[in-house]
Amino acid sequence: MTEKFHGVIPPVVTPLTADGEVDVVSFERSLNRMIDAGVDGLFTLGSSGEVAFSTDKRRREIIENVMRIVDGRVPVLVGCIDTETNRVIEHAKEAKELGASAIVATAPFYALGGMAEVERHFRLIHEAVPDLPLFAYDIPVCVHTKLPGNLLVKLGKDGVLAGVKDSSNDDVSFRFLVDDNNKAGHPLTLLTGQEVVVDGAYMAGADGSVPGLANVEATGYVRMWKAAQAGDWATVKKEQDWLAALMRIVTVPSGVAGFGAGVGAFKTAMALLGVFDTNQMPDPVCPLKGENVEAVAGVLKEVGLTLAKSPQEVSDSTK
Amino acid sequence: MTEKFHGVIPPVVTPLTADGEVDVVSFERSLNRMIDAGVDGLFTLGSSGEVAFSTDKRRREIIENVMRIVDGRVPVLVGCIDTETNRVIEHAKEAKELGASAIVATAPFYALGGMAEVERHFRLIHEAVPDLPLFAYDIPVCVHTKLPGNLLVKLGKDGVLAGVKDSSNDDVSFRFLVDDNNKAGHPLTLLTGQEVVVDGAYMAGADGSVPGLANVEATGYVRMWKAAQAGDWATVKKEQDWLAALMRIVTVPSGVAGFGAGVGAFKTAMALLGVFDTNQMPDPVCPLKGENVEAVAGVLKEVGLTLAKSPQEVSDSTK
Amino acid sequence: MTEKFHGVIPPVVTPLTADGEVDVVSFERSLNRMIDAGVDGLFTLGSSGEVAFSTDKRRREIIENVMRIVDGRVPVLVGCIDTETNRVIEHAKEAKELGASAIVATAPFYALGGMAEVERHFRLIHEAVPDLPLFAYDIPVCVHTKLPGNLLVKLGKDGVLAGVKDSSNDDVSFRFLVDDNNKAGHPLTLLTGQEVVVDGAYMAGADGSVPGLANVEATGYVRMWKAAQAGDWATVKKEQDWLAALMRIVTVPSGVAGFGAGVGAFKTAMALLGVFDTNQMPDPVCPLKGENVEAVAGVLKEVGLTLAKSPQEVSDSTK
Amino acid sequence: MTEKFHGVIPPVVTPLTADGEVDVVSFERSLNRMIDAGVDGLFTLGSSGEVAFSTDKRRREIIENVMRIVDGRVPVLVGCIDTETNRVIEHAKEAKELGASAIVATAPFYALGGMAEVERHFRLIHEAVPDLPLFAYDIPVCVHTKLPGNLLVKLGKDGVLAGVKDSSNDDVSFRFLVDDNNKAGHPLTLLTGQEVVVDGAYMAGADGSVPGLANVEATGYVRMWKAAQAGDWATVKKEQDWLAALMRIVTVPSGVAGFGAGVGAFKTAMALLGVFDTNQMPDPVCPLKGENVEAVAGVLKEVGLTLAKSPQEVSDSTK
């Protein structure tokens, strides 16, 4: 039933105009480009989709655009990211109303609690939207809670969770989770949020991946997934090596860290490649400028991609 | 100009019915009790005011109730707590519309960033509601960023921040902050969020305190503040010792941690004292029950408070 | 020059008698068993070799035993683990005197510092024993510092470091490190300290592995390495899956955490397999007993290994 | 019985020559100066006494010098800081042999474990040197374990611990510890390791303090302790405010963090005041130089202290 969520499901990066509005034209270009590349689904309003930066109105605008543009060609997972249960449930109901194929929620954050609260949180969300597949988003770097494998599998067996998007960067736990999930009859679809060690996750038995970098270059991830399905590990490794080289766009900017460097580099690369019109970032983050744009351009050229715009043009695309 | 925010300004705990609705009758009882005790202000929708658990509709409902009940008797600070700038600004505008005397905002959370984003975040909030005094809420245990003293003082001198609510539990940094603020001409009103070491904060030069425990017992905090103003440190110490003994209500519950133990104990104590009708907690947190309620009752009796309800009655007040 | 450190280099677990003395007979059995299985080297006095628990006299005793038993059949790396530079240098000089093939040192720990101190630390160690290859041991879970890839490669190019033992559980950084090292002409031998995601590390380009679990079962790791060298990734995956199932010995004990669960399970498994005479642990850690020994035995049987001793006998092997 | 450990007990900073040897002449000057100022004891080989940087031979040399110079005038506590139990016991036996009045040990560090190991660790140390009062050193910033109050009081009641040196910077826990200790009949002598919020610790009921800054200026801490004993809190506050201003020597250096900034500033101040001949630091830490020495000098002058040497002379005192 959740097999439709296997494969490459990029977390959708949201294009903005220089004024900070949703850039619908760039959005169409980007989503169509990923679908044409053969992705198996799309995940909107994930961490790299700037969900935390978007007002409720903006979130609705993003979902509506994605649903309209995708138009059923691939399943759409929608991030319902907020601090605690009742706020998440509001997003979940809206996502359902707008046609989401599945929703994705993290552990509660901001307030301190324990695993009893985490478990009850997911159960209450599921009760509120019982027909909608619910993915747990394991992202301790943002929510400061690591979801334990035994809890995830238990919630899978109980029909609460349909899957997990694992962005914990804990590949040891992920392998044990894959194993526990298999022993339990595979109730969970397990997706890795990794970008440069997806090959290892596939060897471990992941059902798919959610790589932010696929916004920049989806074809490599699609080829890697197909090769993994075919057991052609040499190709998997080759594709991963190339994508890891491309991922260096996020390590070359200087003087900026976190979201501004990571998603900032994705948007910059997409602007350089002509997919986005600007590399505008949501407040309070500033877009990459000057030498940082040049550094991203340098990586793109090094891995063999062709620029549609000059670094100067991209630097000038925002205020 | 911000002297009206000096003194004891409790973060308001929100009473719920057994069904999870705002309990207006208990709310009136509690707020009036604190005002009658002589508090200098109230801070609604802080962390212990369950801001993170409340939907936007619920937040509005809480603010409206507080403003109506307080009716100008003391200033009301309103917490505008959300992940990133634009979401916070929405809350800030609503708080302004509803009559807040000041607003309180944390550093951005969920997405990773650096100090450049933190600074720009506060500047953008201030630009959006320039007339409303803005307090920075330094609470690294929730937002995982410690606000540096030099940034706070700089934003104070620039007229961006009116004050700081320090819940960092870093008394060394707080003392240096007090000193730096004095050297800069005291642009910031500095409030400690401590409960059991408020005496030390007053010796360090705090302009007031924001103790959650004052929901249970405001009179002691009012006496302590007056004694500190008078330089009567022996009384300050005596009151703090008694309040520290009372604060043990948050350490006696077992099998529960974080918000469920802390605010859970506050609500339980207030129910035992007849201030709240129930000790109901917001989802996904469960209220204290059975032995944990008895343990809280034991602390109340030990420090000499008279129970209005039995532990059994309080246990039975929720489902 | 450092190619002799490629391949499978288990961190040697130290057998103790029930009285806490080094168990020389078990030590011979274990080391010979790993060498017969085809390991490419041995790393003594690593974290799982109980270096932190051993007095200087005990450390010397362990090194002497290892050197005597190994007798030049494979290279021996010696852990020189201590808080700060001068203490590490003492261990390094002793390791050299006792015939170590290479030494392994972590970043400084206990005192707080920055990257300038880390860099100078490694440079001073190298100056003290310039002829001995020096490996950096990246183990933030113990020393609370993550060694940055650019610093490691710089120290490699400068001839300070011969290699890295990566126990950071940060596979993303490791892949970038491999790439940076290759771009710099491969000055560093890069060994992963992983146990259940070694397949991914090999795909990323690791020069070898240092898996504690190889003390229990070296043959699987040797087969995995040979398959990786041959590009036979299907076999790599198969061996890793089996070893990951075996690694569950460290997750089944209850009521114990950290070293007591991890190395405690290794020693228990080795006792059950007849390699060690006891599963004695160094003070203040207690050996696994009763149901925890049975749980470890259950995992061994599940993956098809044959027990030489009953769980009861192993429980009785210590006081 | 442990009342002799009440009051001001500075952690002794160790003077080095420019060649990194123990500077005996400066050591005599500094220890005599503190004893003349009226301190109640001395604590050698604490964190700021560079215990982690000192080889075993160097540690012995430091203890011998301290014992000889102090010559029974005040009690001497000796830090026995090492990773795990057996290594600590070696130091403890040596400290006893050299005439220590008491020893001080942290929780185990480097290897991961739980509270069972922490408790057994302190019990085994006490068993090894049963006649020597044992202080627990609660310093999570270095050892990454916070000692729980209930464990400390339990070990106090069992006669294992004589006291606690609290460097946890968690004043809330400290106040609860004081209270629990009083309820248990005061088995533990409770010393705060704070420097700028000692006033608060005294109001909370601390039995004394262990301020590193007292190496620079002991007289203020002695006056503060006497005032606290007399209940003269206005004087306590006045002295603390002045000492907090002096403590700014550790925040003014730039480009250096942790031990190099903290103890680096202490040594620099002591050199400027003519107490130490150099501000030499132990490897791999570099001494403060140039503008950082000037910044420290500026603070000293600002609080009214007279320099015996120029910043240039102190900069030139090391290589």
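The chains carry the letters A, B, C and D, assigned in the order they are written, with residues numbered from 1 in each.
Basically, a residue touches a chain if its C-beta (ideal position, glycine included) is under 8 Å from a C-beta of that chain, and two chains touch if they have at least 3 such contacts.
Everything numeric in this text was worked out from a predicted model, so none of it was measured.
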item: Where chain B and chain D overlap in contact partners, by chain label; value: none
item: Chain C reached from chain A - shortest hop count over touching chains; value: 1
item: Copies chain D and chain C - interface residue numbers shared by over half, same or different; value: same
item: Rounded Å distance between chain A and chain D, as computed from the means of their C-alpha atoms; value: 49
item: Chain centre separation in whole Å, for chain B relative to chain A (CA means); value: 36
item: Listing of all chain pairs that touch each other, if any do; value: A-B, A-C, B-D, C-D
item: Touch list for chain A against partner chain C, complex; value: 169-172, 175-176, 179, 194-197, 199-201, 203-204, 231, 233-234, 236-237, 240, 244-245, 248, 251
item: Parts of chain D lying in touch with chain C, wherever the complex brings them together; value: 47, 50, 52-56, 58, 81-87, 90, 108-114, 116-118, 120-121, 124, 141-144, 256-260, 282-286
